[in-house]
Structures are given as C-alpha cells and as structure tokens.
Amino acid sequence: MSAPLFRTIGLEKTFGGVVAAKDISIDVMSGERIAIIGSNGAGKTTFVNMVTGYLTPSAGQILFDGHDITGLDPRQTAQAGIRRSFQIAQVFAEMTVLENMLIALIAGQDGRPSARAAITPERIDIARSALDRFGLSVIADTPAGTLPQGTRKQLDIAMAAVGDPRLVLLDEPTSGVSADEKMAMMDTAIAPLDASGATILFIEHDMDVVRRYADRVIAFYEGTVLADGNVAVVLEDEKVRKYVIGDSHA
Amino acid sequence: MMPTLDFRRDHLFVAVLALLVIVGFFLPSWMRFLIQTAMASGLVALGVMLQMRAGLVSFGQGLFFCIGGYAVGLLAAKAGITDVALLLPAAALAALVIGLVLGLLLSRYREIFYAMLTLAVSMILYGLLVKAASLGSTDGFNIPAVSYFGFVPDQAARPDWSYALTGVVVLAGCLGALAYLRSGAGAMLDAVRENEIRLSYLGTSPRVLVFVVYAVAAVLSGLGGGLWAISSGHVDPEMTYWTTSGQFVFVALLAGRGSVVAPVMAYFLLELLRTYALDIAPNAWQLILGSAMLAVIVLLPRGLWSLVARART
Amino acid sequence: MKLVAILLDGLNYSAWLFLVAVGLTLIYGVMRILNIAHGAFYAIGAYVCASALGLYYSAGLPEAGAFLMMGLSALVAGFVVGLLIERVVLRKLYGQDEVIMVLVTYALFLILSDAVKLTWGVESYYVFQPYAYFGYIEFGNLPYQVYDLLVVGLAIVAGIGLWYWLNRTRTGILMTAVVADREVAAAMGVNVTRIFALTFAIGTVLAAVAGAATAPKIAVTPGIGVEVIILAFAVVVIGGLGSIPGAVVGAIFAGYARAICVHVAPQFELFAIYAVMAVVLAIRPHGLFARAEGRKI
C-alpha cells in the first residue's frame, strides 16, 4: 500500500480554553473523494482552516506529500498544492469572471511578484479553457459581483482548481444553493476536479449529495472524529445517525 | 463595466500626454512653469494612486516628495554635485532606500492605520527639518542651477532645459508605472483591495504586494520631489507637511484609478484652477477645493466605487 | 530645577493635548469617523472666544465674568457648528468606508478653514487678559501661570465628566451600546441617529472648548487648526483610537515626550511626539488601549 497523500496526526485547536478540535488523525490517499459531515460547531471548518493555514493548530501535525506543513500560512499551503473554496464564495466582485480566473492564475504562478507582463494570450487561453470545463464560459465577461450566489460558488471552486492542485477542500459547496440545483452544482464542480486528478475533501450537510459523490465519509462531532470510513457504513453507524445526521436535517 | 486589468489603451494616453508636453513647450513661460511643477507633483499623486489601487490611502506621501527634493538640494547646495545625471538617481535611490525600510513596517497595516502611520512618519521628518537650523529650518534653502549631463545651459535657456527634463522623466515615470501595473505585482493590486484573504489562498502574499507598491510609489514620489526641487530651485519642510500630502491624496482621488496619466493631468488642472481662483478669491481657494472633494465623493461614487464596496463579500 | 520645569511643562502640555484630543477619540469611538475637521472646530472655538471676549471687554463689564463668556461662547459655537455639519453633510454619508470618511472630513476641514478666514479675516486676534488675570505663583524660582493650572483642572473635569456621562448616565450607556453593536442597539430601539448627532456635537464642543481655553495664550490667527489636528491624531493613535483612557495615556506620553525634549534636546521637540506615535504603532498596531478586530471567513 502506498503512502498517504495527506495525513493529520493528533490535530488539536483550542481558543482560550475552548476546545474547537481535538485529536484529529486522518489519512487521505491520493485520488480519494471524501465528504466531511457534522453539525454546526462540530469542528469541520476549524479543521479546514487548520489544514489550509488560516489557523495554527494548538497541537498535532499535518503532513502533505511526506512534508510537514504544520504552521504554514495560507499562501504557503496554496503553493504546496492545497487549495480551497469557501462556504460564502470569496471572489473579486468588481472583476469579471475571466479576470478572477486570471488573478487566480497569476497569484498561483507568480507566488513572488514578477516584472513580466502578467496577462499574456497564453494565460487568457488557459483561463478560458478552465472556465469552459466548469461551464462558466458564457459569463466570462460578467462582473463577479453581479452573479447569483450559486454561480459565484462555482467560480470560487473554479478558482480553487486553477493550477491543478493535488488536494482541494470545498467548504459546503452546496450551501446556499437551491435543493434541485445541488446535484447539478456538484456535477459541474466535481467532474473537472476529478479529471485533473485532484484529491477532494468536501464539507456537506445533504446526505443525498454525500451518498452520490463521496467514496468515504468522515463524521465530526464536538471537535473530534466520530466515524471514518466507507459511506454506507458510516451513514448507518448508530452514533452518526444519532449525533450527526439527526441534527443536520434541521 | 470598466475592465480593471486592461491597460492596453494606456500607451495611447501616455502618447497624448507626451503631445501635451511638447505643446506646453511653446506656451507662455508662466503657463509652462505651471505645467512643469504640476507634472513633478503629479508623479507623487501617481504614487498615491497606485497605492489606492490596493485600497490603501497614504496620507504621508509628502515624505518621499520631500526626501527626493532634499536629496537633490543637499547634493547640489551642500556637496557641489549639480548634474542631473547624478541628482535624479540620487533622489530616486534615497526614496527607495527609505521606502524599503519603512515598507517592511507599513506593509503590515491596512485601512485607517496605514493612513495614520504614513502620516506619522512624514510628520517625523517634518519635525526634524523645522528644527534643523543648518538646513534653513522652516525656510528651507535654495538650490543652485544644475547642469545636464555635463552641459551648463546659460541663464536664458535654463527654463527650457528643466522643462524638457521634467517632461521626459515624468513620461518615463508614467511608462514605468504602466509596466508595473501590467506585471503580476501590479495586476494583483486590485485583488488586494477586494479580497486579501482570497488572494493568499490562491498562493500569493498580499503583504509582499503592498511592500512593493509602497516602494514603487516611493521612487516615483522621490523623482517627483527631485524634479520639483530642480524646477523651483528651492526646498523647504512644507514638502512633507500633512497638507501637502493631503493635496496628493486629493488629486489621486479626483483622478481616479483608471489611468497612469490621470494624476498628472489632474494635477495640472488643479494648478490652473488655483492660479485663477487665487486671483478672484484669495481666501476661498481651500473652500473651493474642499467642496470639489465632497462633490467627487458624493456625486461620483464610481470613481470611488472600489473603496466603498470593498470587503463586503 | 530642570526636573521641576519638565514636570510642570509636561503637565500643562499633557492637559492641553488631552483637551484637544478627547473629542476626536470620542467621535471615532462612537461613530468610527476619524475627524480631520476637528482642527477647524478648535480654530472656530478660539476665534469665537476671541471675538466674544473682545465685545465683552469693550462693553466694560467686570473682568471676572469674562471666563463665563469664554465657556459660553465655546459651548454655543461648538454645538451649533457640530450639529450643522452632522446634519448637512455627515448624516448623508454614514456607512461609508472609514478611509472615505477621513477624506470627507478632510474636505470639511478645508472648507471650514476658509470659512474662518472669510468670517474673521486674516489678521491676528489677541485676548491675553484672562491669561494675565490670575497672575502666577512660584515653584522655587520658577514662575507658574495660574491660568495654566486652570487648564489642567479643566482637562481633569472634562475627562471625569465624560467618563461619568458615558458610564453612569442613561444616554451615555446607550452610547456605549451603539459602540458595541450598531445594529443590535438600533433593533433594541436606541435612536442611533440621535446618538450620533449628540456625540458629534459633544466632540465638537470639546474641540471648541480647547480652542477657547487656548485663545488667551496665543495669537489667534489663520492656520492654528492645522498643527493641532496632527497633534491630536498622534495622541489618540498612541492611546488607541476611540478609547478615552487611551487619550489620557496618549496625552501624557506625548506631553512629557515634548516637555523632556524642550528642556533636554530642543531640536527634537516636534519630532518626539510623532516618533512616540510611530514606535507605539509599530509595537502595538492598534494603539495601547484598543483591541484588534479579526476578520471571519
């Protein structure tokens, strides 16, 4: 069996005595598609924020591709090959969709500022074909701020996918999206990510979405991992049904 | 919707500015001098505008205007170095060195704290200069006539030469700023203003970008100060007083962030207005200025759109 | 001897700085407006006071009543101008970015500065009588103006009064509620608009009082507000924007920094205050008494 792409060992985060995450040890193999479930306050977002460097863990270790990335900042984790999208889409509202993608390209490739002209025909081609893959071509010249929330989230995910990151974390990709659009949303987001060979972790509340798109589930409860494994097994787990799924249908 | 990252037309604007500079050469001498000082100051306003692209308002850009001016003044009046080939690089270098050092500190700050701290450092220099008797305290000191790459123009030709020098350097400054905005570091300034956290998650450091823009603005402002000193033949601490910096902010605000030539042109407009306003109503100039500023803020929110709608995601 | 001089000068200067700065910090604390026009309100206070005293003395009324006149003129001038500016300009712009509001008040500063020039002309006004009225006392052989002592007293009264008002009166407590959370306060039925108007007027009155108290010590002349505003900025930034105890500490820091420099190294007099400000900001970016606000994603 090959080494995991990503692993956390005994990850812990406390905020002035309040434990937000505790003893999180997870191994993720390359190519897996993992759903993270749990009620609000279960520690899911804290976990994502630690992994991507927004929060520094109080204890524990994060390994990515064999390297210790504990304590790196968001820029460094992004450069290492971990990207994320956000529960509330984080886009550059005044720029067009294409410009948003160009900024994502420039930021990822010129990690340090460079003196070369940033917007080249090649980059515009790359940005356009990426928009194509995510089905956003038609709105390439629309300012991102005028897009509906669902489309904005798609753009957010497309930006996270720029530069073919090895690991992509999607923070509630279907929240704020109407019930009948959720599957379409996931289809357009997951397919191009899969095609690029990215390993995907996504936070999700809708168990139908989880069943359809995940091949493994990690359930969080009160800052720690309650269950981790095969979708069918975890979702039928008695504790998960009681503490996680019961709450999440609210 | 105006594309924020498209500067293809800016080369055209710079060409228009170049044409105006040439036309200016044949204008009456008082008007030509007005253009000359406006261009020098406009370079500083351009520095303020670049920072505004990143959502940062420098309320102390006079610092580098003054550093550039005093670098030229000290070399020419105290050290006997009077050739522009050395004076202007010295002005730019002095501003760059101070800009790099201060930039390390300032790049950590945003919003009102950036404005306050830039103001504080500019006032520190002011406080030092007004007490420096050997530099003429509040009166400053005069600068001898300069030479141009070894050539010393006679008295009558001096204004022609300094005008040409200012025109060439300011145009070069605009082209430099344009190249910077087209580069990765410049193109991402808008993204810094709009959503810094997103930008770092995409793999770049907003702090480094702010550091760079501060240094670039410092160099432009230092050059502007050096040119202003050569043009007027005089420097004084007023150059780093907060009201001078306030004027640069005013012009940058008026000009908007759209084009690199806008601050230069806006500065000329301002100086022209001032000339006539001071004739008609000498005690109402600031009143006019303030009212215009309020009008821009209230009635032209598009020009300020970016600052207003920032970070409301 | 030098030490006594530093202590007394520092005390005077700190008290004056506090008077000048406290209105600024109050307005920022409640309204999130860094008010550059504060300097103009200070100038207006000084001018109105000088004019009022001029009229008073020429009417030949008893000299002691002049102090009442000073207070009254500052109060009325500050209140009227403050309410007017708040109603006509600021109210239309609430909710704008903080940096935009700085530019708005900068514009107001420019406008008011010229309004002062147009109203009072460009000559200087001198009203030294109140300053000379009480004479001086001696510490060792250092003369100390009793008037300066009164300014120290005024600063203490203003500070305690403001504290009492903010912490012990109904309106003051409502005001702190607005500071804590504008929306919640509004939802609870607090009239935020009225609170804002009142806060701004009180801040303006404080600036005018500072100007009036200073008028007998200086030549009241165009441009007196320009330097004052920068000093007041330094004080509130050192203490932490929006904090009243911060303004006390900031005024003492800046006041004594200057006093020490005046007596020990006069060439660094002005430099000292801004240097203290820069050092404090470099170490504690949000000032000594303010908490940093994080951003949630």
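Going by the order they are written in, the chains are A, B and C; count residues from 1 in each one.
Criterion: a residue touches a chain if its C-beta (ideal position, glycine included) is under 8 Å from a C-beta of that chain, and two chains touch if they have at least 3 such contacts.
Labels paired with UniProt names: A = Branched-chain amino acid transport system ATP-binding protein; B, C = Branched-chain amino acid transport system permease protein.
Note that the coordinates shown come from a computational prediction; the quantities given were computed from them, not determined experimentally.
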item	value
Minimal step count in the chain contact network, chain B to chain C	1
Farthest chain relative to chain C (centres taken as mean CA coordinates)	A
Chain whose Cα mean lies nearest the overall Cα mean	B
Chain B-chain C separation of Cα centroids, rounded to whole Å	32
Inter-centroid spacing, chain B versus chain A (mean Cα positions, whole Å)	43
Centre-of-Cα separation between chain C and chain A, whole angstrom	51
Residues of chain A engaged with two or more neighbouring chains	54, 86, 88, 90
Where chain C touches two or more other chains, by residue	297
Sites on chain B at which at least two other chains make contact	197
Touch list for chain C against partner chain B, complex	34, 89, 92-93, 96-100, 102-104, 106-115, 117-118, 122, 226, 230, 233-234, 237, 241, 266-275, 277-278, 281-282, 285-286, 295, 297
Chain B-facing residues of chain A, complex	52, 54, 73-75, 78-79, 83-84, 86, 88-96, 99, 102-104, 106-119, 143, 145, 159-160, 162-163
Contact footprint of chain C on chain B as seen in their complex	55, 57, 59, 105, 108-109, 111-113, 115-117, 119-121, 123-124, 126-128, 130-132, 197, 242-243, 246, 249-250, 253, 283-287, 289-291, 293-294, 297-298, 304, 307-308, 310
Residues of chain B touching chain A in the complex	1, 3-5, 179, 182-188, 190-191, 194-195, 197-205, 208-209, 212, 305-306, 309, 312-313
